[in-house]
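Note that subunit A is present in both complexes that follow, paired respectively with subunit B and with subunit C.
On to the complex of A and B.
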């Protein structure tokens, strides 16, 4: 069963479940979030860290969590993902880790 | 007469709100002594203040501009508040034995005060100087919360009563919080004993003159300050702020606080349109101001809102992003990015908060009303009085 057939796709973009498409989606969300604060030129790759590179605060992660929910619905639970991390892991958190989590979550719901 | 012992970390923002409370309690006939760093406490509370010295870290809390986010949080607890508790505890214990307080008032981040109080079985009241530490910021990160509780457990084994299990940041006997609903919104509070008294606006020891005559009645006045704990982080930001204010000089008079002398190296020097001072008497200056640009430090934010002054917020770390978010949610300010914002963007934010049609001023006035009705130092002293009375009754009955 594809996402298109179930009508899950949003008007903005069809939901890709491959890592490249998810990275592009998340980079777009991050740029939108960062633009408000004057960081619109950031290069966002899998290796980009949320805290050191993007200077996001925990309250920004809460905002990102909301955007992810809007985009992917209940299939992706970012809050649960963050809740499972130790402090050192939160400090080092990269965009690639979030991409992998989203891809795994999307595939898990597709498979079920 | 009740004997109160105030326990504070070597941080101005944590000490200042209690100075007015100590004066009010003394006025009511109580006796107040302090435990902490005598030089700083006497500088803020007056030369004749009774202070019991405790050990202090060799260096103050200094961190570069890039230490932010969860890494700054880890540093703050692991490298500062946690060792601070161990250093302060023996001195607090000695102060308790010598002074014999009926009630201990312990800053939320001077954990030694809470733990030594519980070991001696003396009721203690937590002094909270930031709205952020009432909102359970770690609720979404249970493993980080567990790490912090682990630090508290190890401190409690050494200095507290291991039979107890309450969080030493939230006394079960009472909490005086120098903040209010204007910032907290309808956030639930950590327990039922929290008294939200608003900012403690009380006269402070005069430190140096300010050239009030140089304030220009024809222009709007905008203060830029990064508070007392971020002296080492502000060079780039203050430079952009001076450029932004100079660009607005036709309508705006900028006043920039530069305690570290960071602007001395600024290429091109300081334009004559901008007033740069090492120190300003912030409370005396606030009635003259139309906007404040700051780091989102809780005291500066509350004092500004108390005077109905809207804010531009450039949070650096710790509680500042949370406090700034609360101001933005209240509609009384605009948040910018401390390490990224440039002069044009800063100028735009300043113009926005100064423009009455954008609503920031009205929201700041609303916050002022809410803070002014919270009671300040009088309400704080009332709460401490009631805790003392309750304790005395229990002792009389028992």
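On to the complex of A and C.
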């Protein structure tokens, strides 16, 4: 990809590490996942829970984990993040918690 | 990723062993097999999977036919179909090492069938709260599944589950009802091939883990007396949900077991 005079391409890269950009990324991934179930109008905020609000099951979180890896590479390890949680915590997991984890992981690799 | 295994498409997730530079040779490989209806590979992906890879073991997790993100054909749910899928998966992945099979609940029944019918592919077998495909098992399954198939379509049953067991369990139960009523699983899973009650068909080392409050613990004397190379562990004050509720103990037991029975170097 070439950088045009507006500098747009360089401004977009590296991937945004602020919570707003990450939330937008993850909401996009979730909409793609939900489309498979014929749901295309879900509202997704930081407070949205995966199980209760979006009715996603843990196997959908596996798919999301794969998409996160495609998007962010090895910098984000969702499986390890979830493996440290208790089952109750996984059931109550919110989009905001995942956003915070992704932001922290990206910043950690930037800092190192 | 999704991969063709015989007549269906199977969802598989692999985690590569994290190997330190000092270690020689190929790492051992473990295949995790999940339980029936309300279960998927997620039960391992978010529990044992990452820690086994971190411990230097290649990890294969997959969704059984009809479950998770694998294909759900209308028919073809005898136990040998599940076993053949497992072997077809190993072939499709080009896996030539003998694998350590770990099966939870019905996944253990599948794993035990694989150990009995494909002994040349198996290094060891771990059964977590599971019963091998013996004649007695077929009776338990036939009765239990017929009841579930009939009950889980009724909204009042789902509502009762929601009030008494929580919304999450209710949603899983509704999902199970859908699988049972859109496939022949309930009529087929117990109707196929079996092994003798004495488990003589299973010749590899067996680790069996039970909860002492589970009905399956009644098999302990059988495992202790009939399998020479077996180890039986009974966890106190524990029901059927060993994998979920006693994850750390299960992880330590199975990791130690696989290290003891790593045949990779001995295999020719």
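The working rule: the second predicted complex is superposed on the first by the 98 of 112 C-alpha atoms of A that agree within 3 Å, B and C clash if a C-alpha of one lies under 4 Å from a C-alpha of the other, contacts with A are read in each partner's own complex, and residues count from 1 in each chain.
To be clear about the criterion, contacts are C-beta pairs under 8 Å (C-beta built on N, C-alpha and C of every residue); 3 or more make two chains touch, one makes a residue touch a chain.
In this text the structure is predicted, and so the values were computed from the model without any measurement.
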Partner chain in contact with A:82 - subunit B first, subunit C second, else both or neither: both
Subunit B versus subunit C as contact partner of A:90, first or second or both or neither: both
Partner chain(s) touched by A:59 [first = subunit B, second = subunit C, both, neither]: both
First (subunit B), second (subunit C), both or neither touched by A:51: both
Subunit A residues contacted in one complex by subunit B, in the other by subunit C: 51-52, 55, 57-59, 62, 79, 82-83, 85, 87, 90-91
For the subunit A and subunit C complex, residues of the former touching the latter: 51-52, 55, 57-59, 61-63, 65-66, 77, 79-80, 82-83, 85, 87, 90-91
Sites on subunit C touched by subunit A in the complex: 13, 15, 40-43, 45-47, 49-51, 63, 68-69, 167-168, 171-172, 175, 244
In the complex, subunit A residues that touch subunit B: 37-39, 50-52, 55-60, 62, 79, 82-88, 90-91
Footprint of subunit A on subunit B - complex, ascending: 66, 68-71, 73-74, 137, 140-144, 147, 315, 321-322, 325, 335-337, 339-342, 345
